[in-house]
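Structures are listed in the sections that come next.
Both complexes shown next keep chain A, but they swap its partner, so chain B is in the first and chain C is in the second.
Entry: the complex of A and B
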């Protein structure tokens, strides 16, 4: 019930941003869209599925992810039809399936997905900061450059977030050791 | 093994198909590329619309008789891209004049409130648009949204009181249909296109 409330809160926040996203691609792509995905993740937080559905659901999530990464769909998401498609597909076809499949994904596959997310953010950052043309017709060139820099910052932040536990964290399974230092691990 | 992989294969195919469709077969990743592809495939009929030119006279947007109309969208106080685009438009005009092609060129203002005939005259003089083959004109404010929608031109205000827009050269063919879009500096491509479609 609490999670349902949080999911509702995230989607309400996303809808509340619907006027802000017209001017700011950062708020559109890096705040509103992730909030919608988060709403889906929270919605399915305590649900479980059988293992054989993990890969198909992951593929659904990846497809929807790639679909909304296309610059033309970012423009489309500002039209009435596109807006509805965005509100429905990001939570239900990206957040929910991602959350449901995640527990079944092995460490190698998770690492692969994370590494790809980082490199893709880097490529997007480069594209949006260096493109000689406007990539989205709905946004100013300056806003496009800001979005490119935001992609870089996000890549750096996520890179640290994911790398630090691997490099300096306690190996899982030995969380509580004799020194009692497990609780201070990053 | 096979039955287990079946749902994944099925969803992967649907996913790839969706993305293929969403990019027009891997050809258009931006909305600008998408509109250029779309108008070539399905030219859009241009409604009979009157514009007001530099001298305050009305002129039809659609081609009359055997002519082709080239349209670019501008606002007269534009500082950067329209200036360069204006020079390229002048170059096209010079080339077409030499060849004697039946072409009309219109720089259409998307800021009709500020771009009065006087203002458009200043812009026309600056770019040597003398009103014969190439003129500057504005739509009635209430007709502007439909016009921009027809040509898929997105105009957004910038930080300095001006606008940014997807600048391009739009071709209205003899049948009165919006049928092609070119970069403003693609002079050769525009001339070749007109040559190919004049016979």
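Entry: the complex of A and C
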């Protein structure tokens, strides 16, 4: 119930940003969209699925993720139809399937997804800061550059966030699971 | 000692971890080393005008030689470290096979881009050269080359993720595996062995290098396909050299685990981690990432403090290597009455070659020297020293050890001739490069002036010796493997 409430709160916060996202691509792409995904994650937090569903659900999540990475779809998300698609697809087709499939993913695949996310944030940062044209028609070129820099900062932040537990996990003790751990986050 | 560590310790004594996969990788590495050396021989002979090679083909060979040697050094180093890490942690075989498959896919893409697509923009793929071929190759060829790198990078990423997670699972954290308990004087009943300390350091810095390398590769790919998206040339160069420097250094740091694990069999003294060893490897972890600026000393638009750091770290980075690994090797060997067979000779040579190779590197790392030496043969001189006499010698030493059998016998006459020929060939070859550099002969030129030909011809003679002995080492390995398997 508490998680349901938090999911609702995240969705409400995302909806509350409805007008702010028109002005700022950072608020749109790096605040509102992640909030919608978070709402979906919280919605499915305590749910479990059978293992054979993990890969199809992950593919659904990645496909939706790729769809919303495209700048023209970010533009489209500001139209009435696009807005509805965004509000529905990000929590239900990205957040929920990602959360449901995550416990079944091996640590190497998780690590690969995280490393790939860092590289891709770097690439997005490059694209948005170096594009010779306005990639999103709805935003100013200066705002586009700000978003590019924000991608770089996010990559650095996430890199630290993911690396610190692996580096400093438990320096004095040792784990008993020699075949790897699901919780170490590698 | 916990039940798990007891189990692993027991396994390390009785099993050869994933030996089949590692042996196959070493066969492939040996074959590619030999092929790339033949490419090198052709280039030196062409520069010496002993044979005629079209300049376009010369630059294709140069690209294949550079990418192939860096890749194979990394592949053989990775196989060696995987093998010896398997003595201390349990590694998943499937990951190694996936790594090998992705590596081979990358090799196919790279060779196709070069010899079918005509790509000849050097292994460093520096922006904007891949997109500005002047008609020598299409954008598709350059894109295939970069996709080959991406495939190899993904393979290595999987490799390090598996290694990292198993080290984390065994030691609780990477800092413990880096020997921080030894450094801080904390009690550690099961300190990480040298191989694990090395593996933890390489896992950290090469993973960072690969992630940054992937970003600049994809950015360069976007530029190739949509030329309007121009990469900031200085940023791209920084990222490429960070990735390239870290990656090639990692190949040696991985292969050196063969020295830590094999030499104790000869000296009878175990190679254990201690405080100094751990400090040295933690210093390596920082230095290897901070020193790459010495590749950009001619880029005057770089912030001066970065270039100064590049120069200073170039000096410092030799210290952990020479003070710890080289000096320790000397101490281990001295007075140990060890038997000199092909394995031990090559491994000791590799440490010496690596240490010697760092000297011309440090000299070139001085801003005042770099201004005049960087684009000369001096640079291939220094990296051929620590590759031919360092990493490649480690790989050949490991291959000789894999087929040695349980008894250690003195070197046979044929092995002795091969070893001495390899040493003479490699030492002569790199000395000619260094002399050529000192004589201001430029590197990467397909056609040389009359005055330079003597250097090239002497270099060609030495490279013939290297190719011959490399073929001997590889064939010896394959034949003995066949005999032991049969």
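Note that in this section the second predicted complex is superposed on the first by the 170 of 186 C-alpha atoms of A that agree within 3 Å, B and C clash if a C-alpha of one lies under 4 Å from a C-alpha of the other, contacts with A are read in each partner's own complex, and residues count from 1 in each chain.
Please note the rule applied: a residue touches a chain if its C-beta (ideal position, glycine included) is under 8 Å from a C-beta of that chain, and two chains touch if they have at least 3 such contacts.
Just so it is clear, the model here is predicted, and its values are computed rather than measured.
Shared-chain residue A:167: touches chain C; no touch with chain B. In the superposed model, A:130 lies in contact with chain C only, and not with chain B. In the superposition on chain A, A:122 contacts chain C only, with no contact to chain B. In the superposed three-chain model, the partner touching more residues of chain A is C, compared with the other of chain B and chain C.
Contacts of A:108 after superposition: chain C is touched, whereas chain B is not reached. By the touch criterion defined above, A:59 lies against chain B but remains apart from chain C after alignment on the C-alpha atoms of chain A. Contacts of A:80 after superposition: neither chain B nor chain C is touched. Residues common to the contacts of chain A with chain B and with chain C across the two structures: 133.
Chain C meets chain A in the complex at residues 2-5, 7-8, 89-90, 92, 95, 154, 157-158, 161-162, 164-166, 168-176, 180-181, 186, 188, 190, 204, 207, 210-212, 214-215, 218-219, 222, 228-232. Interface residues of chain A facing chain C in the complex, by the touch rule stated above, are 107-108, 111-112, 115-116, 118-120, 122-123, 126-127, 130-133, 159, 166-181, 184, 186. Only residues 52-53, 55-56, 59-60, 62-63, 66-67, 70-73, 75-76, 133-142 of chain A touch chain B when the two sit together in their complex. Of all residues in chain B, only 4, 7-8, 10-12, 14-16, 18-19, 22-23, 28-34, 154, 156, 158-159, 164, 166 touch chain A in the complex they form.
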